[in-house]
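What follows is chain A paired twice: with chain B in the first complex and chain C in the second.
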Partner chain A sequence: MIKFLTKGLLRDRSRSLFPVLVITLTVALVVFAIGFMRGTMNSLFLDTAVILTGHEKIVTRAYNEESQLMPNDLALLDVDQLIDSLEQDYPDFFWTPRITFAGLLDAPDENGETIAQGPVIAFGIDFLSHGSRQVEIWELERSLVSGSLPENRDDALISSKMADQLNIRAGESVTFIGSTMDNAFTTYNFNVSGTFNLRKGQTDKQMMLVDLSGARLALDMENAASAIFGFTHSLYYDDEAAVNLRDQYNKTESDSLDVFSPFMLALRDGNQMGQMVDISGAMLAIMGGIFLVVVMVVLWNMGLMNGLRRYGEVGLRLAMGESKGQVYRSMISEAVIIGLAGTVIGTGIGLSLTYYVQENGIDYTKGMEALSNSSMVMPNIFYAQVTPDLFYIGFIPGVFATVLGTMLAGLAIYKREMAQLFKELET
Partner chain B sequence: MSKIIIIFLSFTFLFAQADDMSVKDIIEAMDNNLNAKSRILTSKMIVHGRRSSRTIESKNWVVGIDKAFTKYLSPPREEGTIMLKDGDKLWTYSPQSDRVIQISGHMLRQSVMGSDMSYNDMMEDRPLVELYEATLEGSVEIDGRDHWIMLLEAKVKGLSYPMRRAWIDKKYLLPMKEELYAKSGKLLKTSTMDGIKKVQGRWFPSRFIYKDELKRNSKGTEWLIDEIAFDIDIPESRFSKALLRK
Partner chain C sequence: MENNGVITINNLVKRFPVGGDFFTALKNIDLTLNKGEFTGMIGPSGSGKTTLLNIIGGLDSPTEGQVSVLGQALNDTSHGERARLRRKHMGFIFQSYNLLPVYTVFENVELPLILNKIDKDERRSMVEQAIESVGLTDKMDSRPNMLSGGECQRTAIARAIVHQPALVLADEPTANLDAENSHHIMKILSNLNQELSTSFIFATHDEKIMAYLRRIIHLDDGEITEDEIIDNPKAHD
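And now, the complex of A and B:
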């Protein structure tokens, strides 16, 4: 029966080609739009995650209480061992230590006398370890304005805004003035290997990025870190999974009576990030829902029109002796076949497109530069995101709506009276 | 008769008597005990952090209230670090970066070597009698020793502690305990001293304990004086900025 119907569809292009084409395009659009919206939201979260929170962040309980003060005297100790056990217990994430510190950046002349000085917020990031993905997630190759990426322990990248302010160029030496982990005064020389611009407004105005090993030497933080950041391998933030992991970790690994025991925070635990995550989830659901409904109406209407267009054919078939049920079922079966074909092709195209944009992104740098004076942290390249639900979401409009439209149109079959059929066919 | 009474009352207010010393005499005596024409001392600073304690050893050369040279002797990370005070300027040299950095502005409020003392505390060496107006609040016995309680209020602007309350031992003439306040009246720091010894004719403590009351869970900083010698000739060259990097 299916074979018979399929042959019929293939031979009558007006019944197959156009409907399949419409379903394919619509499903592809649905899959890509949802993937792109989800990816865009994730891009927004990823910026915050990379700079401030990670998808998961582990700090000591005491550090968490005073995190605004960057209290490195309350930092995590024995970090290598902690990371080893995290990698073993939670392999869905990659874990990386981070030192966040602040102080003054001093630019000396050739005699070592200060010529310029300004406040700096610095991040000690694990750039140099084998297999580190920090350069990738910070998008530093793209953000580099001059010079090169850090290659040695004492190399530093400073923001181009700060470099302009202090008149520092790549290749020069600067001195960090601040406090060690023990709050003792420290000065440490870094070589400016390059300057960068994250193109995220004022976020990087006073930012310096150094390798973790250099930060550890400068702050006397051997095998210590302000925090350990965890990121999913796909860099996609799944809030529910992150919250579950946080709860599980804190239940098993964190001692509420020990202020120095490790304590895990999910991205949503950052400043107002919980609200952001919830709002974006709701927005995504509303936008996706509206889009899905609109598309369903279009495909439903197409199914309806297809059914009504075949009014004469149905009448003829009924006149020839086919039962109403047989005609109705065959029309629905045809709709299922067309819907399935269009949905499968559409999902394939939509997923391919989403995957392409996931890997390459759509660059809005020029548009974002116009916003560079605002304090908004916005990504410059929007990436789509392939998620498991994209593999089946297209079936809702593609098959369900098409079949529903056909079913509705087919109801007319049951309303037709045999006595009137020949009269109708004559006209 | 009324004139005599007024003169008598004025005299009482101007020279508030504390036993047989005026308030001004007490403050001056306290200044004399703590300050000298010059001094050389070696000391240990034990900084009690929230996790562990660190001991920092240093040697100081001080002339009057304007010049001070401090060389850190241990631990290894601090060894060779030098601090030079000349008038209202403060420089630090760190062998790690081989840089001489002037400490100024908000950096003066930072902690010295992670202790409960700030650079500002180091800078304010002027005699108390020049900086504060003192009022006697009463007497109290602590550990069997008589103390005056003295309230000192700033008479010059720009001091780190516009108000301080001192418990002054009547025999040693030293502020055994001090509370240092902000202008708002908020308690900023407390300091105590003990181990009083007679050194070259003056009473001098061998241990100070400072506590920054704004630091949560602060356990304070001990400053132990190992050796001290007063009124020794120190060559001017000791305080040369050019010598910092040598």
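And now, the complex of A and C:
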């Protein structure tokens, strides 16, 4: 009988091919849509995290109070030891020091005479140490406009906007003018190894990126840092985990009476970021929920219709002496097989698509130019994100809803008098 | 117990709930059918023919009275037992053929044998024989949508008799067919009746069928009004 039914199933495309196609498409859409929404939200966060906040950020309590002033006199000390213990205690994250400083950038001619001068915001980032992921998370290879990535202590990248403004080209040297950690006047020469464009609106207008070691030398900050940033290895921001870690860390490692003790901030603690995280989380849940419900109704209906369409066959098989249970079970098994086939293929397609967009992104540069004034750093390339739940979420509509629809249609077999089914067969 | 009784019905009443009330579709039915009969139930539309056929087939249950088919009292049997009775010993023919469109003639006829778990080689010879007896050997591998109405009904007949049931129930088997095909069908059925000693019972108002019947039970308004035995059916050859 199984062979007989399989033969029928394969021949009747309206029972096999079409439902599988519909389920495949729907499931692929669900998986991709959710992955894409997740990824988009996450890339919004990731840009902010990379430039300003990390997924977690550790500063001294005093620095936190006045962080807008970039008060490097309140910086963290003994940073290497701090990072060693962080790597050990919180291995789900990778930890990296950051020096944030501001001053003037001076572009001299061959004789050292100033040609142009402008304000600069500089980040001392650990590009050069072994195993550093900073070039990767800053996406510098893609953002490089001219020249090359920093290779030496005194190399610097400056944004192409600032390079144009100050008329600086890769290969030239610039002088940073500012103050050290101890508020002493300092000048320091950097070699401009290249220029970059983050393509995130005005964010990088006055930005210079230098290696941490150069920044330390320039500001006299040996083994010190403005902050230590922590990122998850997957770069996916999980708010709940981040908040738990921050609470736990501050309880055990931070001393509220010592203004120089380290203090951890989660991404959501940054300027307005908490609201963003909450709103996007709620939006995701609502949109994902509505989407799932709609799709479930569609597939539930398809299961129901497919079942109802077969009353004739059911009546006939009952008349020929199959028991109700047998007919019911065979309908359900068929729905499970169709549902599984469609869901597995659909999940495969959805995940591949999500993965592709996760790796390559969808460029959206033009539309973003207009919207770049909140403290939020807007992305111009949207990424999707493959998360573990995408592997099973498709089964809810694909198998569960389809089978439920079929079960409901099949239930009528039990409810209805057999003679009635039989009569429907006559019409 | 009943040596020759294929169907025994005593005091049958069938009421359908309609709204808050009941509609009496059959009443005071007493009937005995013997082995090998070729019997028709005749009556106007709504007289209860299909209802009675359904009860005999175990597809519907009586409100009152006893119905015994092939030695089994249907009142005492479970759904499963009635299903088994249909599977092993009954065949059905419908007005609208009810062939499964995705299967070939051969496969449609094969279905009752698959349900009865008959093994493949035996199945093949039984199916071929049944198809031959309705003259469709050359259409064995066709799908129903390639067949004429008469050919469809002949396929349905082959399906109804392939497992050599004791009883075949046919509800208006010729209603969708033209005169020539109706006669063809009735000749086939009447031959099968004689060869296989299978009992046939028809529900019909088709004059052409009546010419072949050897017993006619008249139903009117849910009651048997006349029970005629015909010794020499007109169309008998």
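One rule holds in what follows: the second predicted complex is superposed on the first by the 379 of 427 C-alpha atoms of A that agree within 3 Å, B and C clash if a C-alpha of one lies under 4 Å from a C-alpha of the other, contacts with A are read in each partner's own complex, and residues count from 1 in each chain.
Here is the rule we use: contacts are C-beta pairs under 8 Å (C-beta built on N, C-alpha and C of every residue); 3 or more make two chains touch, one makes a residue touch a chain.
Bear in mind that the values here come from a model prediction, so they are computed numbers and not experimental data.
Looking at the shared chain after the overlay, A:Asp12 reaches chain C, while chain B stays out of its contact range.
When the two structures are aligned on the shared chain, A:Ser43 is found in touch with neither chain B nor chain C.
In the superposition on chain A, A:Asn250 makes contact with neither chain B nor chain C.
Contact with chain C, but none with chain B, is seen for A:Leu316 once the two complexes are overlaid on the shared chain. Of the two partner chains, chain C is the only one touched by A:Lys324; chain B is not. Of the two partner chains, neither chain B nor chain C is touched by A:Thr100. Residues of chain A that touch chain B in their complex: 62, 66, 73-74, 104, 106, 108, 112-114, 175, 177, 179-180, 182-189, 220, 260. Chain A makes touch with chain C in their complex at residues 1, 4, 7-8, 11-12, 312-313, 315-316, 318-324, 417-419, 422-423, 425-427. The part of chain C that touches chain A in the complex is made up of residues 50-51, 54, 57, 59-60, 79-80, 83-88, 90, 92, 94-96, 98, 100-103, 107, 110-112, 114-115, 171. Listing the residues of chain B that touch chain A in their complex gives 47, 49-51, 54, 56, 77-78, 81, 92, 94, 96-102, 107, 110-114, 216, 245.
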